[in-house]
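For reference, the structures are reproduced in the following blocks.
Shared chain: subunit A. Partners: subunit B in the first complex, subunit C in the second.
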Partner chain A sequence: MSDILSILVSTVVLGSIYGLVALGMTLIYGILRVLDMSQGSMVMVGGFVGWAVMTSAGLSPWLAIVAAFAATFALGVLTQVVSVQPLIGRRGTDFEMITFITTFAVAMVLSNLALQFFGPRQKNVPELVGGSIHLYESVSLPYQSIVMTAIALALMLGFALFLNRSRYGIAIRAVAQDLDAARLMGVPIKRVFPLVMGFASAIAGVAGVFLATQYFASPTAGDQPLLIALIVVIFGGLGSLQGAIVAAYAIGLIQAAASVYVSTTWALPILYGVIVLVLIIRPQGIAGRSLEARL
Partner chain B sequence: MPADALLEVRGVSCGYGETTIVRNAELTVGAGETLCLVGPNGHGKSTLLRAITGLLPLSAGEVRFGGERIDGRAAEQLTELGIVHIPQGDHLFPDLTVEENLLMGAFPKGAWKDRGTALDEVFARFPKLKDRRRQRARTLSGGERRMVAIGRGLMRQPRLLVIDEPSLGLAPVIVESVYEIIAGVAAQRTTSILLVEENFTHVEEVADRVSVLEMGRIVRTGLPAELADDAAVTQSYLGALPS
Partner chain C sequence: MTRRPTPLQATFSKPKVTISAALVLLAALVPFIYPSTYGTGVLVTMLIFTVLNLSWNFVLGIAGVWNFGQLAMFAVGGYGGGLLIIHASLPPWLALLAGGIGGTLLAVLLALPTLRLFGIYTSLLTFAAAQVVQLVIQNDSSGTTGGALGLPTVKGLFESLDPLWATRAWYWLVLAIVVVVCAAIALLARSPLGLALRTLRDSAAYGSARGIDPRGHRVLAFAISGFVAGVAGALYTVYNGSISPTVMGLTPMSIYVTMIVIGGLGSITGPIVGTALVTAIQQALIDHPGTQLTVLGVVLIAIVVFVPRGIAFEAGRVRDRVVRWMNEEEEVPAGPASPEGRLVAGREGT
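For the complex of A and B:
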């Protein structure tokens, strides 16, 4: 009983954080056909902004989340303008491959800048809120986890509503499905693309604050989230939003269950093993269609 | 030539990369007029339309809309002026619902606030689409898709409606109903229409004038009756003798 409870608690917390990072990557891949390798750096930058606001400046954690959102939004827009926009519509280039490399280059620059400014040492970031609810036997649920999950779910729900209901949201999905037709409808694609990357990066930035409170802020703090996000996105079916969110919680569950029933050392190898198995059986991922416009 | 030209295409050349497809094209569409562009397959009709509506850059010439030069402006800016292009093969958004596809037709700010009324009007024109409003576009039949494409074009009051082969790939009965709709819009005389069509029967139903495009050049412009009478033109450019 207590095993199952603690697995559930970690699944929800892990899944929500993974979901946030993967949501951004999915959005960017679905709309721009860019596998954005700078998303991990947005997590890292979000973590440092959180540290700077909470620890250095001693301000409220809520302000830290807002600041991380704003900073990574701006950085995401900048990354799009610098490393993706100039490559759109170029003849004779493999857009997906080139932008994979250019965004990876941005990631390298950002983590080295972080190393330069903040040094290699891991920085402790305080919890957003202290305290916990006692659930059962040794299992307790920290308020921190509730807050993070709530914010993550609110962000995911907010994005789903935005994409399904609003004028620009529908337009963003339209751009992903037929670029020329979207232009003929009057969708200003030059504005939509940076906007998408800005919002996606901002969500990753918020996830970065959450992760930093769980672990640390450091120049390499984005590496593992990037890997996990890539796995979630591919596992969910590249470009599928629902698939990514389902995959995020599925991966959270596998990781949590493996940690409890086997050991934390084996959690990641087991996770990767399961993913390889699933992808051999279903190469397009959980909700992916074979090579078509999705979202 | 109509006195009050809405669209003027002057000496336009365009193509893809190094390949020039359309050379020195000249045409005019008057306010409320319907001009039909005919000619054999692969001779540049769609390419010329793409250049006019800003999807393709010109290599020479100019395009004026209401007297104002519009060449060099991007497609997404031209929609603000009331130019609506219904492309060949519909180009629906396959995973958006019918209603969302139609709503995208009202994307420009001015049109968005009247989207409810516009949607009701389109549903009144195509009652079948109302039943299918929540269905994804990819699940529709060819005829239904064409209706969505045309309906999407009518979601904002267009000043110029550019339609590329609305009969392509449809069963004759459905082609009839598509042309009824186009004839209805043309008859209102508030919207100018530039129509590409290969089937001359339908051209005669709706066109005020006809231009023939062959090998990337406009070789003839005249009244539909004049062109229909010209057996040589009909045979070589349109591929069929009038019955």
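For the complex of A and C:
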């Protein structure tokens, strides 16, 4: 009983954080056809911004979340302008592969700059809110987890509303469905693309603050979330938003269950094994639509 | 000199045997210019990675299969060779071959699940599989692989020589392997098999319409590159006398991908040029280890944006232009002066 409860609690927390990172990745892929490998670095940068605002400057955690959002938004826009925009529509290169490589290069640069500036030591980041609710025997639910889950869900919901209702959201979906038609209808591609990558990165940055409060802020803090987010987006089907969110909780559940019943060191290999199986059995992920017409 | 080129000649430039032989000879003399054990050792490591990058470039650049799990083959070759040296006391020469066979087996195993996938999904599956291999090696508690600490083996080759000459002997050995691998890949790329692979890369639909079996060829490309990567891994183990799981993972992968892309993805000599260049950058920044990856990342983006086909290709173009300029009086060049005949000819329309 307490096993099951603690699995459920960590499923919700892990799933929400992974969901945020994976949401950004799948959005960028759906619209730009870029598998953005710099999303892990955005998580890492978000963690450091959170640490700087909360610990160094001693300001409120809410301000840290806003600051991380703003900083990673700017960084995401910059990444798009430097490493993706110049490659769009270039003949003779495979856009998906070459942007996979350039965003990877951005990730390399960012994590090593962080290493230079902040050093390799892990930085402790205080909790957003203290206290916890006692659930059952040894299982308790920290308020922190509730707050994080709530913010994550609110962000996902807000994003869905933004995409479905707002002018820019509709423009973004139009671009995802048919680039040329969207262009003909007057959608400003050069503004939409950086905006998408900015928003996606900003969400990853917020997830980074959450992760840093759970673990640490460190230059390698983005590696594991990036790998997990990759697993999540494959599982959910690249480019599918609903698929990514469902998959994030499913992956969180698998990881939590594997940690409890097998061991924490084998949780990640088990996840990769699951994902290899998913790709063999159902290459298009659980969302199950063809590669086109996502979102 | 106005002989009409046959279709095959139009597709391939002639192999430059004389120039290549001169360059190899020059490379063989390098240990005498650099008479230190450390410097030669750096060059040996560079050449081992050149073998790895040649194999990776074959599957990634020439066959166009997005295999980002090549380091798994490298590690399996390295660990397989090392374990056989320890437990079966295999001579190191045979361990190299065993490493190659291990790499081939894993490559075929890895190729099978990717047959239904294309593009980015292939890269994710192969990358995930490589992560599984790394984590299994790292978390192994039975003591077979030595876990995160690595697997110490015995140094097997050139032990009787003094350190400097042993390193030099290693240098010549690995140089010879680089030459053989490079020549083999160049020949393969020019053979009907290579033509089929590049056709499938540039237009899978056209290739299969012409009767090329995409699945069989993909498995074959994996197997060939897996063999070479396995040999490279075994070389690494035998040379260093140990191997650890840190040869895999995100950071090593990013360095090797940088080497291949800077040199020129899909060109024969690209990996050699790229590996040398990146090693030079790393050595130049050896006093500032933190800046290495930052500089490499910036260089990589700059190369992709400004020199998209890599340094080897651009160098070839400059040379072609010089040759054309020298031949100008004799023959009138037909058609636009584009390097359409080169092996690295772009992937239009994908």
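Quick note on the criterion: the second predicted complex is superposed on the first by the 291 of 295 C-alpha atoms of A that agree within 3 Å, B and C clash if a C-alpha of one lies under 4 Å from a C-alpha of the other, contacts with A are read in each partner's own complex, and residues count from 1 in each chain.
As a convention for this text, contacts are C-beta pairs under 8 Å (C-beta built on N, C-alpha and C of every residue); 3 or more make two chains touch, one makes a residue touch a chain.
All values reported here derive from a predicted model rather than from experimental measurement.
Legend: residue contacts after superposition of the two complexes on their common chain; A:Thr102 is shown touching subunit C, with no touch to subunit B.
After overlaying the two complexes on the shared chain, residue contacts for A:Ile231 are found with subunit C alone; subunit B is out of touch. When both complexes are overlaid on chain A, the residue A:Trp266 reaches subunit C alone and has no touch with subunit B. Touched residues of subunit A, counted separately for subunit B and subunit C, are more numerous for C. Look at A:Asn112: by the touch rule set out above, it reaches subunit C but stays clear of subunit B. Once chain A of one complex is fitted onto chain A of the other, the partner contacts of A:Arg91 extend to both subunit B and subunit C. Within subunit A, the residues touched by subunit B in the first complex and by subunit C in the second are 91. Those residues of subunit C that touch subunit A in the shared complex are 64, 66, 113, 116-117, 119-121, 123-125, 127-129, 131-132, 135-136, 139, 250, 254, 257-258, 261, 290-294, 296-298, 300-301, 304-305, 308-309, 346-350. Across the interface of their complex, subunit B is touched by residues 91, 167, 170-171, 173-174, 177-178, 180-189, 292-295 of subunit A.
Contacts from subunit A toward subunit C in the complex involve residues 29, 35, 82-83, 86-87, 90-94, 96-98, 100-102, 104-109, 111-113, 115-116, 223, 227, 230-231, 234, 238, 265-266, 268-269, 272-273, 275-276, 279-280, 283. Within the complex formed with subunit A, the residues of subunit B that make contact are 17, 53-55, 74-77, 79-80, 84-85, 87, 91-96, 100, 103-105, 107-108, 112, 152.
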